[in-house]
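The same chain A turns up in both complexes below, where it pairs with chain B and then with chain C.
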Partner chain A sequence: MSMNRRRLIQTASAGGLLAASGLAAPALAQGARIRIGYVSPQSGPLAAFSEADQFVIDAFAAATGDTFEVIVKDSQSNPNRAADVAQELIIDDAVSMILVASTPETTNPVATVAESEGIPVLSTTAPWQPWFIGQQGNPTDPGSWRPFDYAFHYFWGLEDVIAVFAAMWDQFDTNGQVGGLFPNDGDGNAWGDPVNGLPPAMSERGYTIVDPGRYQNLTDDFTAQINAFKAANAEILTGVVIPPDFTTFWNQAKQQGFNPKAASIGKAILFPQSLEALGESGHNLSSEVWWTPTHPFSSSLTGQSAAEMAAAFTQATGRPWTQPIGFVHSLFEMAADVMGRVDDADDPDAVAEAIAATELETIVGRIAFDGAGLPPFAATNVAKTPLVGGQWRLNDGVWDLVVVDNSTAPQIPTGGRMQPL
Partner chain B sequence: MSAPAYTVRTGTRASRLFGWGLLALLVALVAAPLWADRGMIQDLFFILTMLVLAQFWNLLAGYGGLISIGQQAFVGLGAYAMFGAVIVWGVNPVPAILLGGVAAVLLAIPTAFFAFRLVGAYFAIGTWVIADMARLIVSQWQVVGGGTGTSLPREARADMWGVETIAALFDMRAAAARDVLAYWLALALAIATVAGIYALLRSRQGLALAAVRDNVEAAGAVGVDAKRMRWSIFLVAAFGTGICGALIFLQNARIAPDAAFSVVDWMAYVIFIVVIGGIGRIEGPIVGVLVFFVLQSTLSQFGAWYLMALGLLAITVMLIAPRGLWGVISDRTGLQLFPIQRRLYGGRIAKETP
Partner chain C sequence: MIWVDTILQGVLLGGLYALFAAGLSLVFGIMRLVNLAHGDLIVLAAYLILGVTTLLGLHPFLAVFLAVPLMFGIGYALQLGVLNRVLGDDILPPLLVTFGLSIVLQNVLLETASADSRRLPAGETAVEALNLGPVTVGLLPFLTFASAIAVIAALQYLFYRTAMGRAFRAVSDDPVTASLMGIRPASVFALATGIAMVVVTIAALYLGMRATFDPAIGPSRLIYAFEAVIIGGLGSLWGTLAGGVVIGVAQTVGAAINPEWQILAGHVAFLVVLLIRPRGLFPRAVD
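== the complex of A and B ==
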């Protein structure tokens, strides 16, 4: 019953979102408005990433008046569907540019379609390796990798998550044995890659990753992994896990007596809802942190600081802030900036050139496709944003994400030190 | 001795009229790039590929009595074989589609070997299990991206046979020309499928197949080799389904195991189409796919509600009209567009029916 009601609300709000985006600006100069497509997972298992979509699009419409018409599409957390809606945006809606966010399962199909159709696409909220390498024909052969003409992406990469996790673990003594939990999906294959992933990079930093191999998402028995970690006497746990799987794993680990000193998990514990599902055993779990209200950045569109934006979100929706707010907002900052620098929004080559020339201070930091911190093959299409490490703390029944390590991005203030589990 | 006073015919006046109409429709469909825009070409591609999948499942379930719910194995493997041939061996994507069909047959042989030992519901579950195993094994194939999936390499997309000619012919962009190419291939496949199945059903083998479907023991008693019949249609259906899968993902240009082996996209929808249209008739999947397309284009934005509505409609049709929409039409009017029934005319035995 409650499931039905939730579905109903989700569907209704998705419908409301569509209506709102269509009516966001008065149709003064219908023909002159620049049409922008936006694809995100508004329903299905990834829906938490899109919680702030409506809030961000409303703010964008308020800031830009009726310059833009945003056409919103729901990927339903399904890669087939994401590719379909991208084609609809290009062929039926004739958009000048596509924005896409949240996980390789959403960004990659959309970017592939847009690149193949020759329509500029800006993508974020997926580590850049699964985005760039995952779209190459043969991901195992770097010689065959080619840059894209119309697809651009900004976020952090595996090298950042490696540095952040290692720096957090360095804050106290362990035996250096790390259990690695990597699924057979876009993120898991990239993180667990024996050449470019966590295992080789961590061994350079003095940590040995015990990798029992790829498992399938939505597994209900992690005994094999837990036994492997216990056999190796792992004191640290890491991985990139979808939220329901981490809840299963963590409960089974507790039952079977696997109690690491630190657990740094990507993707699974980004949202307070996931911590609520774990209860008290989630206290001091650590994760990568890409945006918080304490990030010292402000929006080029609204002038709000990160703290002001998070507060405005909570005021508008009654919900706590989440990390995607900043990144979804930054996509629209980028769109406004890029379109402000082209004469003809319908010239894909000019728009792509303008994206490549971007240099913008956004709510998530500076974005410029100058290749800083990137290998040459990705320099044209990828820009990096800062990454720090944080721990979830349960204070008086409220979950708080505290930044505990900023050695990779010192401009972002910390709120405490790493604590053992 | 004089000629017999009666003749055996399968054609009816309606079917002959329909034949001419069909010919006109096919001419219009071949010429679609002249009158349809890109969105419509893509819609037609979708309709044609779903029609092919539905026809092959109808052949299995409606005529062969083989209720497989593992056909997504052949869609996925066909698509992956095409991607693998393009990425690993540098084969041009268009001929690589045929390899998709071959790979599907290679999987179908062991599948049939094991699954044919099972009967009824056990056969259905068995095929599903095998399809899921195929998905898990393909997820380990790192050259095509493992569980991440991969995109068709840009060079392969650019060098696809015929794309340049089509682009020059209709003065369109390469991306649009690729759609036209995929559409024509789908049209050719759909025509070959429907014509092939129709020819099969009108032949001696078709009669044998109907006998096997109705009663295996009785068919065996009159000398039909039931085992051989089932083997051959299972392999034929796998080949066609594999080619269709390769074609679908050629047009998609991106593949991932969950997408290629999707039980909802390639099995649940296909069963829906056949059940709605009318199982055990060639016209059934044609009617079903048109109904399904209309429902999808009007209701799919409602997410989960849309899927529930599809399920509800399928249940309603099964209860009220178990032979599908075409069954209702055909029972009321006696209309048969692809007649396979042999009728006796003339002589003292029967009068021609209208």
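== the complex of A and C ==
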């Protein structure tokens, strides 16, 4: 994987030299390729988000031929590194547009750098609140929030994850006590926010969230949280946890006798690898589901349905499908669509205008920045995609993510009902 | 009951920190060498165990038996080939060499193993629990603490009951007189670092099964190890265990009050001990 990536970057920069020599002729000579930067966490604790990157980029190159040149950068799961590589893309590689995916720790630094440098950036795979509010100068004062000129984002929001988790828990009887695991990072602070996060919204739906407080990522010990949840007799566990920490927490919870009836965790159990690390104790853990092979959408680039794309991924890599396949692919669909509608790819204002005017049926559903389902302050820069709830089931040694609740997006079929742990 | 549990879990966590610190304490006690690469050597050992586990399909508890002689060899060679050359009256050169070694190790691991977080696959052992009446503790933290006691007892025996230990103490007190008695300080030092690396490997085993590791986490482990050594008193092995427990308990109690205080509470406990007893809890008589 890393070898391939390196080779890709090498060929990309070699191609860049050719393009540069061509630019001695009139600007945008015939055959000059549009340069697109792509930033994602290909190594580090968030690496599972980027497993499908190579597959998607290969498919994009096959579908668009010589039109684009994609320059790939690894954020190493580190926000500072993400900002650095965004600078490199803008200054050294002179890209026309940046694509960025996977968690606020990657999307926010890249979007902030691109916005300040005046380069259009399309971002996804982070709930929109940490993305939009997290980039504001003063996140606690809604009056000071300003829309962005060049930064655009599409994904679901906290209101969706709240509705999905509550709908899943409503499927069977519990005492309504919920243990909340919220780390001190972009997602954790947004999800655990006592005013705009999960706790107030869940109490409206009859669930009480026990929130012991923010902890540091990559903690060695979760005794305090486990004791707080046991003391509150929590029958449900929720939170937004990075994958390594959830393994540490879940092992310790089992060791110390904390056994909730339901555990709906954001971010940590999105991937089959995380479940493989957990082993059998991961059966029936639930999480938010943004994309599956059963989603009734197809790619505007390749014409593949979601099921066909997942099958192609498994065939190409020998790995089970993962949710980011759809979203990373949709980023490149958007890039191709936007660049197809501008005359000069190097005019940032024209590109930003074209992004804002997007109306595209993609592999993750319809994307349009029309403000549907969003508060007015976010309407310019954010578009929403559907979210449902699913449970991991271990069938004959293979992990399967089954959609168990679609009350928030009825067009997506369910594959079963919620089961207690 | 929650407080009993919190403190017990803290004591068990302290066992892990004591394991981090025991090797450091040993090396410092014998040759007054502050090994700033100690944390990175723990990470290196964890990758070695992981490598053996994946290559041979062994459980980490078995893989460690292959990793231990390897790490002993690495420690022996490191001391003989590099560190012995810089030991002397000036404490600065060895400090700088180990500092450089720390950076080299981190980058070599980053280059060969990537920045991915890894974990030693412990299977069912990772979630097994022991029911101790009112509280349940994990089998793994319990084994960690038991190993810490065993390691320190073994080191204590080695130090005060064997000929090798006598040689260690002799070169520690006065290398010149010791060499007049037929002891070669260079090879004694190499042996000591080799033994310290054995302890490091055991620490790596439990670290890798409890949490995840990546090439960059070494320095943060070094801080806990340092604090445990200093709280316990320089050169005192049982003191090192006490130091680890103080940090572990401070962390879990801090987290029980508010999880934001978990890491901070350990460091505050260290500063408080330094204020009250600047030489640590159990300082060796003369230094």
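In the analysis below, the second predicted complex is superposed on the first by the 390 of 421 C-alpha atoms of A that agree within 3 Å, B and C clash if a C-alpha of one lies under 4 Å from a C-alpha of the other, contacts with A are read in each partner's own complex, and residues count from 1 in each chain.
As a convention for this text, contacts are C-beta pairs under 8 Å (C-beta built on N, C-alpha and C of every residue); 3 or more make two chains touch, one makes a residue touch a chain.
On a predicted model such as this, the values are computed, not experimentally measured, just so you know.
Colleague: For A:139, is the partner it touches chain B (first), chain C (second), both, or none of the two (neither)?
Modeller: First partner only, chain B.
Colleague: Identify the partner contact of A:80: answer first if only chain B is touched, second if only chain C is, both if each is, neither if none is.
Modeller: Touch status of A:80: first partner only.
Colleague: Of the two partner chains, chain B (first) and chain C (second), which one does A:227 touch, if any: first, second, both, or neither?
Modeller: second
Colleague: Once chain A of both complexes is superposed, is A:190 in touch with chain B (first), chain C (second), both, or neither?
Modeller: First partner only, chain B.
Colleague: Let me test your reading of the model: by the given contact rule, A:359 touches which partner, first (chain B), second (chain C), both or neither?
Modeller: neither
Colleague: Is A:257 contacted by the first partner chain B, the second partner chain C, both or neither?
Modeller: Only chain C; A:257 stays clear of chain B.
Colleague: After the superposition on A, what does A:47 contact: first (chain B), second (chain C), both or neither?
Modeller: Touch partner of A:47: chain C, not chain B.
Colleague: For A:219, is the partner it touches chain B (first), chain C (second), both, or none of the two (neither)?
Modeller: A:219: touches chain C, not chain B.
Colleague: Give one of first, second, both or neither to describe whether A:344 is in contact with chain B, with chain C, with both, or with none.
Modeller: neither
Colleague: Name the residues of chain A shared by its contacts with chain B and its contacts with chain C.
Modeller: Residues 43, 76, 184, 214, 216 of chain A touch both chain B and chain C.
Colleague: Can you list the residues on chain A that touch chain B in the complex?
Modeller: Residues 7, 10-11, 14-15, 18, 43, 74, 76, 78-80, 83, 87-88, 91-92, 104-105, 108-109, 112-113, 115-118, 130, 134-140, 144, 146, 183-186, 188-190, 214, 216.
Colleague: With touch defined as at the start, can you tell me which chain B residues reach chain A in the complex?
Modeller: For this pair, the touching residues of chain B are 37-39, 42, 86-88, 136, 139-140, 142-154, 156-157, 173, 175, 252-254, 256, 258-259, 262, 265, 301-305.
Colleague: Going by the contact rule set out above, which residues of chain C touch chain A in the complex?
Modeller: Within the complex, chain C touches chain A at residues 2, 5-6, 9-10, 13, 16, 114-117, 119, 121, 123-124, 126-129, 131, 135-141, 210-212, 214, 217, 251-252, 255-256, 258-260, 262-263.
Colleague: Report the residues of chain A in contact with chain C in the complex, numbered from low to high.
Modeller: 2, 43-45, 47, 76-77, 184, 212-216, 218-221, 223-225, 227-228, 231, 243-244, 247-248, 250-252, 254-257, 277, 279, 281
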